[in-house]
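Chain IDs A, B, C and D follow the sequence of writing; residue 1 opens each chain.
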Amino acid sequence: MSLKTYREAINEALLQEMQKDKNVVVIGEDVAGGAGTNGEQDAWGGVLGVTKGLLKHFGRERIIDTPITETAIMGMASGAALTGLRPVAELMFVDFMGVCFDQILNQTAKFRYMFGGKAVTPLTIRTMYGGGLRAASQHSQCLYPMFTHVPGIKVVLPSNPYDAKGLLIQSIRDNDPVIFMEHKNLYDTSGDVPDESYTIPFGEANFTREGKDITFIAMGQTVEICNKVADTLKKEGKTSTVLDLRTLSPLDEDSILEAAEETGKVVIVDESYPRCNIATDISALICQNSFDSLKAGIKMVTPPHTPVPFSPPLEDLYLPSEEKVINTAREIL
Amino acid sequence: MQLNREELLKAYQGMCMIREFDDAVHYEFAADAMPGFVHLYVGEEASAMGICMNLNQKDTIASTHRGHGHCIAKGCDVTDMMKELYGKKDGICGGKGGSMHIADLSKGMLGANGIVGGGPPIVLGAALTYKTKKTNNVSVGFFGDGASNQGSISESMNMASVLKLPAIFVCEDNGYAESTAREYAVGGKILDRGKAFGLDSHEVDGDNFFEVYETAKHVIENARNGKGPALLHIKTSKVYGHFEGDAISYRTKEENERIKNDEDPLKIFKMKVTEAGLLELDQLEKIENEAKAKIKNAIDESKKAEFPTSKDLLTDVYIKY
Amino acid sequence: MSLKTYREAINEALLQEMQKDKNVVVIGEDVAGGAGTNGEQDAWGGVLGVTKGLLKHFGRERIIDTPITETAIMGMASGAALTGLRPVAELMFVDFMGVCFDQILNQTAKFRYMFGGKAVTPLTIRTMYGGGLRAASQHSQCLYPMFTHVPGIKVVLPSNPYDAKGLLIQSIRDNDPVIFMEHKNLYDTSGDVPDESYTIPFGEANFTREGKDITFIAMGQTVEICNKVADTLKKEGKTSTVLDLRTLSPLDEDSILEAAEETGKVVIVDESYPRCNIATDISALICQNSFDSLKAGIKMVTPPHTPVPFSPPLEDLYLPSEEKVINTAREIL
Amino acid sequence: MQLNREELLKAYQGMCMIREFDDAVHYEFAADAMPGFVHLYVGEEASAMGICMNLNQKDTIASTHRGHGHCIAKGCDVTDMMKELYGKKDGICGGKGGSMHIADLSKGMLGANGIVGGGPPIVLGAALTYKTKKTNNVSVGFFGDGASNQGSISESMNMASVLKLPAIFVCEDNGYAESTAREYAVGGKILDRGKAFGLDSHEVDGDNFFEVYETAKHVIENARNGKGPALLHIKTSKVYGHFEGDAISYRTKEENERIKNDEDPLKIFKMKVTEAGLLELDQLEKIENEAKAKIKNAIDESKKAEFPTSKDLLTDVYIKY
């Protein structure tokens, strides 16, 4: 066990799985970097350095730099998964899904069902998402609701270094396609992470706080916001449950309903666009199944229905914040 | 001609099976006995067989919406395929896929595809597996003249070229994409595109099985030996319309006649092998009759077979219900 | 006024708008057909004949057949919209969005906001969606929740010929990008449609039944299912409200809340995949805003979370049906 | 040399303004005064100016993530641009876009683009507008060597070719895509790709303003006259890294020196015009100083300018709040 950043936890998961299983390969743009140049090899190790250092262990045969052709990358990764490798493909920013979505939506996600159960596609897609870096409209989106909408692909959103390592190892070992989504604002956060290899099963949400007065449901970056709000409310004598979903698909419906029923008051905090997102998905699930336990309408804290603005003060206003969450909670407390 | 008698028989068997299969589907569909959308391969048989006779069972192919021929050439069972087209439970995909999603991974058939240009990116992956595991296998991606414009094709050719993958790209150019002529939709030349992305590129007469076979042999052997990917631009034509139900009003009567009479790869094969004294007419006719019988049987079996039931709806996914 | 099919209503809307405004052009694959052939021109008029006949009025300069390159089609259409045309681009099946989604998600939908309000993008994307034709996993999807998730694009789903014509003319005249989604199973349905040109404003849902006991919320093909269920229930002495959303974005929140509050019992019927879909979106909206009026948990009828199966009996089991809707309604009636 | 004195002055003014703008951004970013991601164009100035001097205000361009130079060459106001980079309310996009989304439609600048290969499809549309309205305008799409592999580029070249659109594709090949060399990522040849898609294709020395200008003039005039699209493959190099913060460890010191000293388009221009006696050194220095002053002023103004407020968050969308 030692203190590691979210970035280091991910890097270590890759390193350990690649050491363990020679069928694991990493595919993406500049995942090593320096390909074809006279300068440093492993020059980048990913655009934010997450795969840095893997090249020296595994060489270019397993750390595969590619041209900027995401359709070919995703297709290659899923074809490789179909035929015996266990690839980890990188979609640099999830915002770029639009140039390669067919290979995910209609190909890899559907193979197993469409081919009558005969296909096994152990593919992991790693991608960065989320706001806060002033990266503007095309590099700050969440988009995980779109992947969650698609049957056949699993959606994983670690909120901390411990989960990042355990869930990534699980993703690589899983026999279905998984999109593993890394919040770029979390890379430098740190926490205790075991040095050895371990997995966290999919479909098990994590209670980060347990209380009686109100329930917060969160994912990715919003977990920490909700934890802080819970701590603030505690000082005021109100206790909160905070549930970190960890995997959006499969979804831990039991824990969600349990968490909702315990307090009867629910606030869901989701950084993605507000329409057809995870907040609405969870709200509808609870309302359909646990209506009799509810004491108030389920509240949602999300950005407004606009693209992500560039200007720092606008982006700050745009994103969910402790202030917005606590104000919303107070409406029903 | 490098093929021995057995191989020649196999080639004709395969082409006849494809012909009979899709001719039968044509009639079944017209008789309203078959659901969905079907795209027939009649007229292009030499391409599938000419390529796939160079492949072994561990080699893979990814097909198109017009996939029956590729499946048969790669060794898929025609009865299981036919059951699939009828949506039956023991169809090759349990009835869940249908004509556009026929696949049999155990035969190295990675799937027909409802998305134009969807297959070649997947072929990159199979080829990457072979390169990584050093197995000397190859993977072949089929696509049409219409598909040749799709960005996924360019990207795939480039990726294969950059990583020197054992991937073969086969453009089956039948002159039309739906009702649009290749002359209209293809800017420049398909062959030049292959070259411009760094592939060993060849144009092939797709009505001539032997030309397809020989050229495929050459590029596939190279790919197996680590010499990298290739493009075959196969000029062919299809007898029926884009899909069943298409009135083919965009082709003239003369063209339809020409395709049927002068560009039939089976006729041409037959002529060549008999003229050269390699196979005898009665042998060939026996093969034709066997294929007919086999397909008739496949249809009878398919009609009798069971549909899937509610129990089957929710299997083959990771969500528990 | 005369009886027209959904297909004819759409064709007439295009014809009349193109006659009125020479900046309207139609762009897509085989929208005329026969390009470059020696046979019939206008050979197809779209894969299901919706644009048939327009070629003879407007010629190939305005009915523009393209290669099979949806990214180039969507980009061309949005660039044309940015610079003075009013294009109607066809995405043949919505299932193909994966090969061109970037031009919608990151380009056309974001221009207006991202460019500080200076861009005007009067683009209409026509597309076919939905199940029932045994078209299997890659030609039967709905996917409208994904477009609804994206800020900056309007989402229109006509459920009948009258709405199809009025909403399409509105779409073409609208100055924002619109995706106009045609259910392929509705093309042969018919209804009274005015011969002259008219528009239906966006963001106005349509009450097709008004009642006191239960509220059904529907869209596209599911509207008719709900109407029939309402009629069946009426025979049993229960009256229903049926609300046809018509536009998913913008959304008529007022009518939704009104419809929900009137009866306190809501069933939402959505043909799309169940996670992060319109059913969850509407349910969450109602639960957040009208909780005190609810008498029961909001119920959702959707397909299961799997790709669309090919086999006819499986597809029938998969899709929402009158039977499923009425059974669900009975749970809360 | 077909350019008159005034035009030569304009060319140098433009190139200096681009140089000063991005040099200033380099320093501001390093001083942590500027938010977000920025990609600088220093070293490629001859391309933007050589192309855009052949365009009028109604012609359009679509740019890349490395867009400042294209904006300036197309006439965007440098102060409004700089304010945008600082996220200020009266930035050229109200602070909502930032460096990667700078646009000014009134100047025919259809936007920088955060998506590699995102611009050329849009250019097709502008070109379609001109063809439909018969206005004799052209539209130019920029993209990099890395982007040249993206399927959107192939599709756009093909579409332009098929519809004979007045569209010019400009590949600004600076040898690298992020840290990856063109030699690695480009299978085949970029020039051949243009030809294979049916475009009039030319390779150009991008360090030489005059070569860019002349070649662009030729293809743009052809496009205006209905002779269809073209590809320019411009060989150039950039001084700074991929984005600000990049340590450029994938290039050798020698290469960095060579780019700075021997491949500077401003130096080369200066040398050529002075040697040919077309412009005088003090004239050129005056231009340099004016550009410096103008950019210094733009930065001062930008720093003083107001940020947008909560009122601005929800405007420019159709949803009412």
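For the reader, a short list of remarks on this structure follows.
Everything that follows uses one rule, which is that a contact is a pair of C-beta atoms (placed from the backbone, for glycine too) under 8 Å apart; a residue touches a chain by one contact, two chains touch by 3 or more.
Given the structure is predicted, the values throughout are model-derived calculations rather than measurements.
Shared contact partners of subunit B and subunit D, listed by label, are A, C. Note on connectivity: the fewest steps through touching chains from subunit B to subunit C is 1. With centres taken as mean Cα positions, subunit D sits 35 Å from subunit A.
Each chain gets a centre from the mean of its Cα atoms; for subunit A and subunit B, those two points are 39 Å apart. Per-chain Cα centroids separate subunit A from subunit C by 31 Å. Shared interface positions of subunit C, i.e. residues touching 2 or more other chains, are given as 66-67, 69, 71, 95-96, 98-99, 102-103, 106, 110, 113-114, 136-138, 151-152, 249, 305-307, 309. Residues of subunit B in contact with at least two other chains: 91, 93, 95-97, 101, 113-115, 149-152, 155, 158-159, 162, 184-187, 316-317, 319.
If the chains shown are joined wherever they touch, the resulting network links each chain directly to all the rest. Subunit A meets subunit B in the complex at residues 25, 61-62, 64, 66-67, 69, 71-85, 87, 102-103, 106-107, 110-119, 151-152, 154, 176, 249-250. On subunit C, the positions that touch subunit A within their shared complex are 71, 95-106, 109-110, 113-114, 136-138, 145-146, 148-152, 249, 251, 272-273, 275-281, 283-285, 287-292, 294, 296-300, 305-307, 309.
Note for the complex: subunit D touches subunit C at residues 60, 62, 91-97, 101, 103-106, 110-111, 113-115, 118, 120-130, 132-133, 139, 151-152, 155-156, 158-159, 162-163, 315-320. Considering their complex, residues 35-37, 87-89, 91, 93, 95-101, 113-117, 146-147, 149-152, 176-187, 248-252, 255, 307-310, 312-314, 316-317, 319, 321 of subunit B touch subunit C. Taken together, the subunit B residues at the contact with subunit D in this complex read 149-155, 157-162, 184-189, 192-193, 195-199.
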